Amino acid sequence: MAGSSFGTIFRVTTWGESHGPGIGAVVDGVPAGLPLDESDIQQQLNRRKPGQSRFATPRKEDDRVRILSGVFEGKTTGAPIALEVLNETQRSSDYSQIASCYRPGHADYTFDQKYGFRDYRGGGRSSARETIGRVAAGAIAQKILDQLGIRILAWSSQIGPVAAESFDPEEIENNPFRLPDAEAAQKAAAYVESMMQAHDSVGGVIECRITGVPAGLGDPVFEKLDANLSKALMSIGAVKGIEIGDGFSVAAANGSANNDPFIIEGNQIKKASNHAGGILGGISDGDTIRIRAAIKPTPSIFQPQDTVNRDKEPVSISIKGRHDPIVVPRAVVVVEAMAAITLVDSLFLNMSCQMDRVTAFYKNK
Amino acid sequence: MAGSSFGTIFRVTTWGESHGPGIGAVVDGVPAGLPLDESDIQQQLNRRKPGQSRFATPRKEDDRVRILSGVFEGKTTGAPIALEVLNETQRSSDYSQIASCYRPGHADYTFDQKYGFRDYRGGGRSSARETIGRVAAGAIAQKILDQLGIRILAWSSQIGPVAAESFDPEEIENNPFRLPDAEAAQKAAAYVESMMQAHDSVGGVIECRITGVPAGLGDPVFEKLDANLSKALMSIGAVKGIEIGDGFSVAAANGSANNDPFIIEGNQIKKASNHAGGILGGISDGDTIRIRAAIKPTPSIFQPQDTVNRDKEPVSISIKGRHDPIVVPRAVVVVEAMAAITLVDSLFLNMSCQMDRVTAFYKNK
Amino acid sequence: MAGSSFGTIFRVTTWGESHGPGIGAVVDGVPAGLPLDESDIQQQLNRRKPGQSRFATPRKEDDRVRILSGVFEGKTTGAPIALEVLNETQRSSDYSQIASCYRPGHADYTFDQKYGFRDYRGGGRSSARETIGRVAAGAIAQKILDQLGIRILAWSSQIGPVAAESFDPEEIENNPFRLPDAEAAQKAAAYVESMMQAHDSVGGVIECRITGVPAGLGDPVFEKLDANLSKALMSIGAVKGIEIGDGFSVAAANGSANNDPFIIEGNQIKKASNHAGGILGGISDGDTIRIRAAIKPTPSIFQPQDTVNRDKEPVSISIKGRHDPIVVPRAVVVVEAMAAITLVDSLFLNMSCQMDRVTAFYKNK
Amino acid sequence: MAGSSFGTIFRVTTWGESHGPGIGAVVDGVPAGLPLDESDIQQQLNRRKPGQSRFATPRKEDDRVRILSGVFEGKTTGAPIALEVLNETQRSSDYSQIASCYRPGHADYTFDQKYGFRDYRGGGRSSARETIGRVAAGAIAQKILDQLGIRILAWSSQIGPVAAESFDPEEIENNPFRLPDAEAAQKAAAYVESMMQAHDSVGGVIECRITGVPAGLGDPVFEKLDANLSKALMSIGAVKGIEIGDGFSVAAANGSANNDPFIIEGNQIKKASNHAGGILGGISDGDTIRIRAAIKPTPSIFQPQDTVNRDKEPVSISIKGRHDPIVVPRAVVVVEAMAAITLVDSLFLNMSCQMDRVTAFYKNK
């Protein structure tokens, strides 16, 4: 089916495989008049790209984006924006061994089951390079959110067993793990280093906070804002768990502690606490949206693994190539992108929720 | 926006408020020729309905379903199936106090922010009664899955701080908590009883297992099967967290332990373990799908709470009425329903994924 | 598939068969705060219902609508509005003959081919009674358009070979054909009368004009406003042709005559003519939208017809029951409803087309 | 809004402007295993491209397509297929005059109204070059239809006032008008020549026949096959009218003549005539689908025209550049493409319409 699009009226469609000619996205439903140039997008792609520390794949991917449509004289026109990144440093030979084998933790087997065969080069469509399209599209969404005073910030709150114990937003981009805690970053470095030496890989947790969100976004039943954020984040390859607000710790909590009392603060209605994570009944309440995603350890590890091949024979596989021992820091950028895309769609879908506001919109025109 | 529908080609649309004339669903995209009568649906509604133990609201809701369309001579016709449950035991007076107040943990404030006003009777559209439409629709989905040998089973794996420590599927419907562990059920009873006496409420965790799923369901990018299951479950009112397979525990795991080795078992490709929870790269791998949902404690508690009213005045509120001290056991039925709806849509969307199979389908016709 | 819904963010889902318990619609995406009661809807259903002249079926269908959700204290709440009309005067015995036969011009054969069997009573899902849901939903759309100063007016411009030659809007509801020309109405009466005596049926053309539409609705490529209006009208059972503006007569026209010159009128940009029918490049230009639909003669005729049955045997069929000799006048109401639904969805989808207007919307909030 | 996509599970998204870097499409939902290479697509683009007769624009557009994803070793993989045609012979200077003027019959004014400004170069997004994406995507759809024995053939049935009076399918690609009648082609040549000398332009009618369609495609209510075909064709720039089967001539017909009797032919159920155009109740009946589209004369004409500019001043405009005096012959290729896309989506959506066939599909797997 057509599963490569996300969003209803702000809609992102991505395409491309790891080792094909390129990767791209078409972003449709962008309002006209938004200032946009390639550097806005390049900046986010640069944050995502590999080769930036010794804890990431040494692959050199330049990932230069080109805008092919939808922008005229520095502003969006309302037409779909096509974004393209050509693939440059493919080494298909690295992947020839896996053509017939099913790598544990990868989608090789399920692709063969679904499609009958697969583009085995570098994971094909399920490669982490697929997220280039998401990050590029997310950069446009973030430009829109900027205009509305909405800010998305994500970071690694846990790297393997090492959890951040303090929160300094300035620190996030200062260490290779995007941890907001310099001390934890040092411990994480030691831990990941030891795992790399053991030819193993590491997971973690990403936390995302969204501030400046107006109350009222999301819908009460199936299109709850938290439901859409969950889908958005769970659609990122390595994510295995999602929490909104207090998440799983609500299970053992009592209502008296978990309910957030409403209070008046400077003539505004606020909440005294934010266990809910900024969403009540599926609708944003104006408070900070808090969401967390669990990231599994990279399935590509350099120790030999037992598996089977397409002919149903047991084989031992040793994955070669250049793989991240941990994808969490790079996935932080993808989480921000998907959150941004989801928010923008919610903002646009919300505009017709009150008759008076619809009437005012068309009368003022 | 139109947020009351779920699914693409098997699509459920629900309607109705707690204290309006009724609650219902329209289920579109049901294949013709499925045997169906009202008892198939009633059976699931009965599992959901309140008043079945001292740990649930004593409200007596009969919740008789009527099929209004789409079934002829005991079989579905391919036309949309309209399902209706009339509301019978509304006591609107119970809710008059909350018309202008914002109950902590409820959607009162966000509804007012989004829509300008709200139907304040019993939570209106955000009432737990909204799930009647989901359960009724889910019963049809489950009939379809039955024909394909797919079985969905959910239960409470945790009630407040009490976790199930053994798993006896026969036990699930034997205790008021839907715990698969009789001993844990006794502990849970004592715990919930004590919280009721403290005028407080309790949360928990629901686990869901889906067996018999063919490999190949779901799509690699945005329409991952786990992404859609996450949205489906996160769209249930009280859910605050979702885990697929090992969920958040993958964060501290290493790739060597988290990867599931493929093996040959009886000439079939299987996995030696199932950390992935039956989904790889967003596509079902033929193994059991495992998914968990964290449920928050009921926000309606009987102790006085500080909050504010619409006029931005601080007030103290004491919620009256008949509320569940814990919704987890009843939510088990809703989780099964949403999982079933999601699976059926995935099954139908998957039918055109290989050209050979499309050709065979139309040639054999 | 799920084919019973229309619209993206203002979405109508209909259900029901001719001889089931009832017919209904769920209207989702209605803005909160719109004044609405059952009489708003009943008024349109009354215009559609049969038995109002000797040129329509003498069936007495009362078609009383009930609102089951989404309205509170006389205003819409933003929740889906469920509308229901119970079927009352079914005479299933009238239809027993056709259970195994394929009536020419009807959907009996195609339903059997698609679904394997069918609800043969009164046409089942393909009965003209299905349009009750459309008209009920359209009444809500028209209430929204009223608030925005948009007016939809449809009429019969041709009844069989008799074309209206003058246009008096006051006349439309004065004659049983909804012709805007009293003289043509007399000729039409004589013509239809003669066809009824010949046990035959009559078609016609419906014209629809929409005024007060702001410029800017519709999108440039696939979601052109005229494309959506065409789908909306072509989805009405008996429609076999659609024209926008000058329609088929453009084929023989030249550009110099067909182009509408822009002019200044009272400091406003207008068009000196309206060959385009109020839509340029798929987007409304602020001028009157003109659209025409060709309606086929009722396929149910009272003379014997040759056909075949399910067992592939030739049979002769004489349709009994109470059928309209012409559906055009009643279809006028359905055309208005579908145009209204399409317009409202376009209005809502258009709200995010300029960044400045999005920003103003959220800043002014 | 996101208006650049068409289809539900076979979904085409197009992007690109006349004078941007390129034009493209992303085709999602293509089954895996379909043989496909660039020549399959190039062949259709070549049929569409200009400069092939003296009755078409002398612009030399090479329009070389490149496949950027979704194909591996000569077969589709199930991943989205990105198609790209770079723009090469843009002469932006040709269009500088129209930057502030509103060309009659063009979308300049409506774009400014909708978006606040526009990419004025060569029509921008509403340029006829936008149809490159449609034709490229349609070529893939046609490859799928080939495998299923479904054939789409379109031609010009009328060029200005000159109608084809005979039908020789071999003749269609033999003359510059795609008329199936050599004699009419000569008359058309004389007529178009005379209009070119008068600095004027010409419209026409395109007819499309689809054979080999299995009975059962389309849905009974809003997703009627004819409704979707109408939307598909009406979404092509210059189309102003659509007819299915007998189209507007049904208005004056009687039921006894318009009904198509069912007959037995070689143990198959057939229709003795095909006034319905192969669709009954919105569902294909197995007969030839007949659809016609009215095409308006090219709005770009070389004689001076009165219009206004953005500052609301009357101006006279003389359009320069290289424009087709008639777009009908090239639009034939676009009609085929849109019909093919619609059919493929209908085929895929139809696969889950009977429970027995769903069960057989998954059991046989």
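In order of appearance the chains are A, B, C and D, and numbering begins at 1 in each one.
The criterion applied here is as follows: contacts are C-beta pairs under 8 Å (C-beta built on N, C-alpha and C of every residue); 3 or more make two chains touch, one makes a residue touch a chain.
Quick caveat, the model's predicted, so the values are computed rather than measured.
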- Task: Please give the intersection of the contact partners of subunit B with those of subunit C.
- Result: A, D
- Which of the two pairs, A-C or A-D, is linked by more C-beta contacts? A-D
- Between the Cα centroids of subunit A and subunit C the separation in whole angstrom comes to 44
- Query: Rounded to the nearest whole Å, what is the centre-to-centre distance of subunit A and subunit B, using the mean of the C-alpha atoms as each centre?
  - Reply: 26
- Which whole number of Å gives the spacing of the CA centres of subunit A and subunit D? 38
- Item | Junction residues of subunit D, two or more chains touched | 1, 3-5, 8-10, 14, 29, 32-33, 78-79, 114-116, 125, 220, 348-349, 352-354, 356
- Query: In their complex, what parts of subunit D are in touch with subunit C?
  - Reply: 1, 3-6, 8, 14, 102, 104-107, 109-111, 113-116, 125-126, 130, 158, 160-161, 195, 198, 200-205, 215-217, 219-224, 226-228, 230-232, 234-235, 237, 240-256, 258-264, 267, 269, 272, 276-277, 279-286, 294-301, 303, 305-308, 312-314, 349-350, 352-354, 356
- Query: Can you list the residues on subunit D that touch subunit B in the complex?
  - Reply: 8-10, 29, 31-34, 76, 78-79, 144, 147-148, 214, 220, 347-349, 351-359, 361-362, 365
- Of all residues in subunit B, which touch subunit C in the complex? 1-5, 7-11, 13-17, 20-24, 26, 28-29, 32-33, 66, 68-70, 72, 75, 77-82, 84, 114-119, 124-125, 348
